[in-house]
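The structure's right below; bear with me while I get my questions together.
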């Protein structure tokens, strides 16, 4: 179980100015300012949850993750992972954590993949039996056998990612941090990773914290979302609730036989008009799709239509736009 | 007690495996080994040849004849070579800070200083030992150095101690990177300082510099003072010959200091991130 | 009027190079720490070399037609020159080729060699302010004011230095280009570095070496990188002979220009065929 209470992280940054004058000034008397990357973040994650940790770049995501994994010390606030503080008892906490960075590998670049697994075995003091069992599981879940003997530098991105995941899971950690695990992968590879994550969560009740920009990842895996922006938690709850609350609408895309008619119905908005095509949006708590459709077909002849549910993208749009 | 033993076994198994991995890594790139094999002996052998030319064309340098200079040079190079083999990561501490190498180490349930100290075995560094041995052996024969038991133990302990001094010095100076979070180039300063104070006798410098290189940054103990003791030369500084062989003690002390500073630096890194 | 037109056609063409130079200068200033540490390494080199020569010359007069103060001047200026003889083009080439980005570079509408030369000149200019001047100051304050033998010597020294830089720069390009054929041989840079250190007269001038070694050195371009301009400066090469020496520098420059062009063409062809 992960418990974060009022986390604050401040950094002292040097202000840089442009041009030759600014560069000279930076050389002789640089100005410093304090930046709050994380500003009072609190949450509680229970065992077995798969939580999506989202937010625009610079929102404080990686800073929080670094604090949770013990790499960074918070300026103030408390973190307890299974009752132990990662920055006070690092080795104890880390024994039970698995971490995968999408953009940086933890594997040894020049040697065979298998060697990195061997190293993990020694670092985490995994018994021979458990190691053999875990390797078998990983092999079957991730298809490692075909590239276990290839040097890591020769692996494709998808293979490398699978290797990283296996290495992170070898010591059966109860908590797994995944930082952009599907970045840069093709669709099949992405799906394989998602299946693996789900499998691991089902089999071992591994708590998983997933940081990602890929919304398909979120949709398939995360029951719960924590959204962070400007260093603060702005949303925290089950995915469906979030969608219900922030994007409580449906959209209908209609192809009319002839020109688009004027639609003036209370509570129904015209979102887009494109030739004979129109997109309408309505509050789904107030109307049913059927009633809106019948109201429209009464006004004009309809060739085709489709109903569109709101997506996570719609939910998050406001935050990502806000920071841009 | 068994906890401690288990811990030792744990660290030993990880350390030896990482050493083996490091060796394997380098064997993947043989071409680099070849170029290093050409350049390093060339550089240092010609370096000592330049000293000979100076002595021939001019005079013994600060009273040191060429045989004595060769002995000094070789002795200095032995610890340099050894350091390059076992401790070359101290040269890259600042890069590791920038590229997040310490993040990776912090995520492992092991002491970070240990991981750092034993992370790499630089096989290619053995190439540096080739000119070192050649020059030292030449110096020994030219000076008529007597390989008594006492002298042999002395040379061994000096070389080991000097290796500790060198690697600790690099680590200590590179630790600035923990606070400044950027490539420090302290390594270049350390390297130059050490070359100037171990390949040439300290007597060529004014007393003030000799004092600094003895009591403030004890680089004089890497090869100069031990050479004066082993060859029985009066070097003219106010340091009794007994202390001249204190190299191993100073090496251990500096290693301890480097560990303290490293851990402090790591804590600053954990507070300030990268 | 024609001049004006000429200028307006000329300026936009060299503008990118000027901008690159300015950028390099800014970048150098941004790294405060680097500035200090590189200065310190140069000072250490200066101090070490000067004291070595002082010790060698102790109570001696003239050796190999050079006296102590001349040799100290030589040593000081050698360090001074070294402090701004930057040739990053070598590692730039090495990196770009190894990472496969060189193909992208060839697409750009700027002449690559010109671009890299501008970058290095920019670095050299900033190095002069941040490193060379302080070193000369240190020398003036603590050791000696490195004065030239006489005015003609100084005047002849200047073109010699420019040619020296050109020689060194082209050698760096050649070494960098070799990466096309020896991908993993990052060590070639180091080999060249060692050769330059030894044979250029930067540490110990050739005239102290035995005859056979001097003869070998004469056949190579290296000694023209440090020794020739410095020997002119201290007067060991009299102004009369200096023109010959500079002439040799020019000859070597031409040889290297041809070699560089040839290798560059080969390299480009290879990239076009193999795709970077």
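Structure notes:
Read from first to last, the chains carry the letters A, B and C; within each, the first residue is number 1.
One rule holds in what follows: a contact is a pair of C-beta atoms (placed from the backbone, for glycine too) under 8 Å apart; a residue touches a chain by one contact, two chains touch by 3 or more.
A quick note: this is a predicted structure, and the numbers were derived from the prediction, not measured.
Centroid distances from subunit B, each centroid being the mean of CA atoms, peak for A. Averaging Cα coordinates per chain and for the whole protein, the chain whose average falls nearest the overall one is B. If you average the Cα atoms of subunit B and of subunit C, the two centres end up 30 Å apart.
Rounded to whole angstrom units, the spacing between the C-alpha centres of subunit A and subunit C is 51.
Rounded to a whole number, the gap between the C-alpha centres of subunit A and subunit B is 46 angstrom.
Among the residues of subunit B, those in touch with two or more other chains are 29. Of all residues in subunit C, those touching subunit B in their complex are 31, 33-34, 37-38, 40-41, 44-45, 47-48, 51-52, 54-58, 60, 63-64, 182, 184-188, 190-191, 194, 197-198, 203-204, 208-210. Contact residues of subunit A toward subunit B in the complex are 9, 11-12, 63, 66, 69-73, 87, 90-92, 94-95, 97, 99, 104, 106, 108, 110-111, 115, 118-119, 122-125, 151. The touching residues of subunit B, counted against subunit A in their complex, run 10, 13-14, 17-18, 21, 24-25, 28-29, 100, 103-104, 106-111, 267, 270-273. Residue ranges on subunit B touching subunit C, taken from their complex, read 29, 31-32, 34-36, 38-39, 42-43, 46, 50, 53-54, 57-59, 61-62, 180, 182-186, 188-189, 192-193, 195-196, 200, 203-206, 209.
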